[in-house]
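Both complexes shown next keep subunit A, but they swap its partner, so subunit B is in the first and subunit C is in the second.
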Partner chain A sequence: MSDAARLRQVWMIARLQLMRVFFSKRSFWVYLLALFPAVIFLGHGVEVKWKRERWGAQKTSEAALQSIRRGDSDEEVLRKAGTPVTDFRSESFRRHRAHMDEGGGSEPERRYMMFFDGANRWDLRFENGILQNKRSRPLNDFDDDRQIYAGVFQYFYLRLAIFFGCLGIFMNLFRGEMLDKTLHYWFLIPVRREVLLAGKYLAGLMASVLIFGMGAVLSFVLMLWPQDAAQLSAFWQAEGAAHLFWYAAAAGLACAGYGSVFLASGLLLRNPIIPAVVILAWESINGILPTLLQKLSVLYYVQALCPTPPPVDANAPLLVRLLSAPAEPPPAAVSVLGVVAVTAVVLWLSARAVRRLEINYGVE
Partner chain B sequence: MAVYRRGYRRYQGRLTGEWERLMVLPRFAWEGLLQQRLIAILFVLALFWPVGCALFIYLSHHLDLLQGFGGAAGNFFQVNGEFFFVFMNVQSFAAIILSAFAGPSLIAPDLANGALPLYFSRPLTRTTYVLSRMLVLVGVLSPVTWIPGLVLFAMQSGMAGWGWFAENYRFGLAVVGGFFLWILLVSLLAMACSAYVRWRVVAGALVLGLFFILGGAAELANAVLRVDWASALNPARSMEQVWRAMLGLRPLPGPDAWQCAVCLGVMVAVLAVVLSRKLRPVEVVS
Partner chain C sequence: MSGPAPEVVFDDVSKFYGEVLGVNRVTLRIPPGITSLVGPNGSGKTTLMNLMAGLIHADRGVLTVRGLSPRAPEQLMRVLGYATQYDAAPRGATGMDFVTTGLLLAGFPAGEARARAGRALERVRMQEAAPRKVASYSKGMRQRVRLAQAIAHDPEVLVLDEPLNGLDPLVRAETIALFREFAAMGRHVILSSHVLQEVDIISDQVILIANGMIIAEGQIRSVREEIHEHPSQYMIRCREASRVASLLFEMEHITQVQIQDDRLGLLVMTRNRREFSRALTRISLAGHLVESVVPADENMGALYEYLIGGER
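Let's turn to the complex of A and B:
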């Protein structure tokens, strides 16, 4: 049989399998995992837009807010800056009043005001009517948001969402058929088992790349949505498209790498929890392993493709921070080739395994 | 005697008590579980940390053995609330792994093979069925959670004396109470996953995945929305907050112990609803 005919068989199997991967009831949670970050970024965007609109109606000029000094009285501040967006006296103030009425001690009277100058919020804290603390921060910080996206992508998306999503999709390709007692139908069709494996892997890969790639792109776009138009335009002209491409590419390569590993696990092992626990543990401790061992993971190559390094977890235990010594990230070409090579080797091993696979539904 | 002559005769033997019946399912299930090599290995692995903690307590009372380390050893080897909190944290992880392997085999096979009508045709209600299945997990998880915790507490009390016990008896109560809450949550989650997906292997992965994914999702929501209330959606983090309150430790930033307890209560209620919807003695096949 010619190679072209084999490729047609692969495509036919992939098409049949794609329907099951995309529209099966069991795939529902994969969509949830892929779209969860996008939903949260959407929520953040809506919140920022809503605040900007609502607070914008009571905008105070930046010059007026700059003129406020520590030690000013609350009346002076109100005279200079006008009506604040938020103005409240804390619970302790009410307690203080009740306490003073009873002739007690002298807990300070606290007041909080918030002003908005169109871009920044200004938080003012008063004690006994005197300004003690003035702090301004942008309503929405683009750099901060990009850093958070990098953290979300590398800590949640790559390590959890794509990991467990691929576990579900690729394990289902053979182990799911085994549990459903339907694998023998596939084995009865006149195609080589390697062709069947390739078709199923292609279907899983297409589905996972599409679902998780789109999820990454959507959450990136939603992260950009509430940003300032001028900043956004500068970002798109400079590096925006490259960032978007590399995040999508990293998601796709992670699907290819994890997919091949879980497909092989589904063929070789009856219980998917064992490889899941082992690989999850291996990928989790990746940062504290010696440099050579760090290179034996999918995450090492995929993370290297991400345009922004992940933020360092300040809450991590001291021991972990001390041991943490991330290896020098490889160049992009090496990363891509690394994942492709790992995938090719694992698929070759899987092809050998599927050739010897015997169906025994009784033990499932 | 010919078969047709065998008329109906009521069973004359001793009837088992209601509580005795509850123990029938766990008895067989424990036997089956302990025959699994993987469960036995995990069981042994889960006991390494308690042994290490026991050594820690022993050393904290024999600092003369560590004279070479100077005064720093005395500061390090302290058995207090933080010690029990770290112990509980590590063992709770062991409990998740054990429940991911042991839990799904409890209900999924009964559902997949249509065995529920057989159970419910006997004097077992849905509640007693769930309770007896939960007892299996309580039996499996107790030896790696509250029992070693209580042993450690007793060991420390014995070595430190009555004064320490009178001052810190709440640690013992927190270890037992905290772990029982954890076992309840983990068992219900394992059983709900098992009932929901019906595939034993998939249910195990789901148990594991849910704990990690909920943790990650809570952190994600906190980071993107610049809030800290989402920590309450992480069952492990919520339970940690409750444990810290029980141990009298400084709370972690974020929702307080009561808010976390309410969140955990909602999670338990949702899992109970899933179980009650999935466990039906009849099934309509379309």
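Let's turn to the complex of A and C:
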């Protein structure tokens, strides 16, 4: 049989298998994992848009807000800036008034006002009617949002969503069919086992890249959605397209790498829990492993492709900081080649395993 | 013309499932024709079939199917069709899709694949149900669609796990005719069955297996001839049953003679078939009309009883 004919077989198996991957009941939670960050960013975007629209109706000029000084009375502030978006007198103030009316002590009356200049919110704090503190901050900080996206992508998407999503998709390619007692169908057609493996892997790869690649891109787009138009324009002109590409590439390569690992696990082991725990532990301690061992990891390569480093909480416990600390990142080309090499080696081992694989439904 | 030997050959083949014996040191040469594997549940019939199809691999020994190794599915599955006892149709597939897909994967062009699938489904009387989803089929229809898939690529070796289960009498008869047609073309039809009467009717040879070991193999008659512990049984129809019975009973090799209720028949048990044949000739020449002599235990039921025991 010619190589072209075998490639046609690979493609046909992949097409048939795709239906099973996309519409299997076992795949449902994979969609939830892939879309969870998008839902979070959508929620954030809706909140920002809603606040901008609602607060914008009571917008105060930035100049008027700048003219307010510490020591101004609340009445002066209201004269300069107009009606605030929110005006809040603390519970203690009400208690204070009641107390004073009864000839009681001297707890200060507190009042908080919030103004909006179209881009920033201004928070003013008064005590006994005198401005004590004035603070402004953007309604939405683009840099913060990008950092949050980087954190969600690296800590949730790469380490959990794609990891467990690929576990679900790729382990089921052989093990799931063994449980369903349908694997013999593939073994009884005149195709090499390696061709079958390639077809099934291709199906899993296409499905996972589509699901998680689209999930990553959708989350990124939803993260950008509420941002200021001028900032967005500058971002796209500078590095936006490159960021989007590398996030999508990292998601795709993670699917390729983890996919091959879980495909092999599905061929070699009956219980998916054991490889999942072992690989998750291995990937988690990647940052503290010796350099040589770090290279035997999918995460090592794909997190190096992420364009923005994730935020690291200096107050987090040491163990958490160690586990979340990325290893020294290799160059992008090395990362891509590294994932391809890890994938190729694991697929080669899988090809050897699939040649020995037997149908034995009785013990499943 | 030289080519691969048209036999299925097991040479000292053993298969274990961990600690559990599947088959042990099986040596067989299965010629073309209809071969039935007979044995109790768990005796190793399906193991033998799975070994032939390459679904499992032998732990020791060598197995070839018409000269091909079961470890080379790309070649083997072009000459072998296997109808297992398990359903394997993709979700939502119609009977037509199910059979056609296998042919497309085998490399047949789309038009030819559809034509072959149509013919195969027609052979098993499934042409009307072909556009319906396999999930909606009855047990018998599923059995037939699996058979259609197994025969669609015109295999040289047809392996069938309990192929007559769930079939109604008409389809059963047609399916047996199909097996005979395959066998008549010099192909292998290797099947397992629990219905011993059917095995009697359809088999050119039988393989009796128990506890993973081959108990006997060959044509039913020759297997029976090898069983010396049990006297051979014959049913004789004659007018003077009592007289013939007394003549027979004088002979040393005759162990038992029973006169039938209608007094026109005898059930005779003998330890020496040849001597029995000579004795009958002498009785006939002496003027006692013998209308027919039929072996009463040259059938699978008797072989099974003698070699394996009561459990089926």
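By our rule, the second predicted complex is superposed on the first by the 344 of 364 C-alpha atoms of A that agree within 3 Å, B and C clash if a C-alpha of one lies under 4 Å from a C-alpha of the other, contacts with A are read in each partner's own complex, and residues count from 1 in each chain.
One rule holds for everything that comes next: contacts are C-beta pairs under 8 Å (C-beta built on N, C-alpha and C of every residue); 3 or more make two chains touch, one makes a residue touch a chain.
Just so we're clear, the structure is a prediction, and the values are computed from it rather than from any experiment.
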- subunit C versus subunit B on the shared subunit A, clash or fit after superposition: fit
- Of the two partner chains, subunit B (first) and subunit C (second), which one does A:175 touch, if any: first, second, both, or neither? first
- Spatial angle subunit C-subunit A-subunit B, Cα centroids [nearest 10 degrees]: 70
- For A:160, decide between first (touching subunit B), second (touching subunit C), both and neither. first
- So, A:277: does it touch subunit B (first), subunit C (second), both, or neither? first
- Query: Where does A:47 make contact in the superposed view: on subunit B (first), on subunit C (second), on both, or on neither?
  - Reply: first
- Message: Looking at A:245, would you say it contacts subunit B, subunit C, both, or neither? Reply first, second, both or neither.
- Response: neither
- Give one of first, second, both or neither to describe whether A:36 is in contact with subunit B, with subunit C, with both, or with none. first
- Query: With both complexes placed on chain A, how many Å separate the closest C-alpha atoms of subunit B and subunit C?
  - Reply: 9
- Set intersection of subunit A contacts, subunit C complex versus subunit B complex: none
- Query: Any idea which subunit C residues touch subunit A in the complex?
  - Reply: 17-18, 50, 53-57, 71, 73-78, 82, 84, 86-92, 101-102, 104-107
- For subunit B, which residues count as touching subunit A in their complex? 38, 97, 100-101, 197, 199, 201-202, 204-205, 208-209, 212-213, 216-217, 219-221, 223-225
- Item | Touch list for subunit A against partner subunit C, complex | 1, 5, 8-9, 12-13, 16, 19-20, 23, 181-182, 184-185, 187-193, 195, 355-356, 358-363
- Item | Residue numbers on subunit A that touch subunit B, as the complex places them | 26, 33, 36-37, 40-41, 43-44, 47, 148, 151-152, 155-156, 159-161, 164, 167-168, 171, 175, 179, 270-274, 276-277, 280
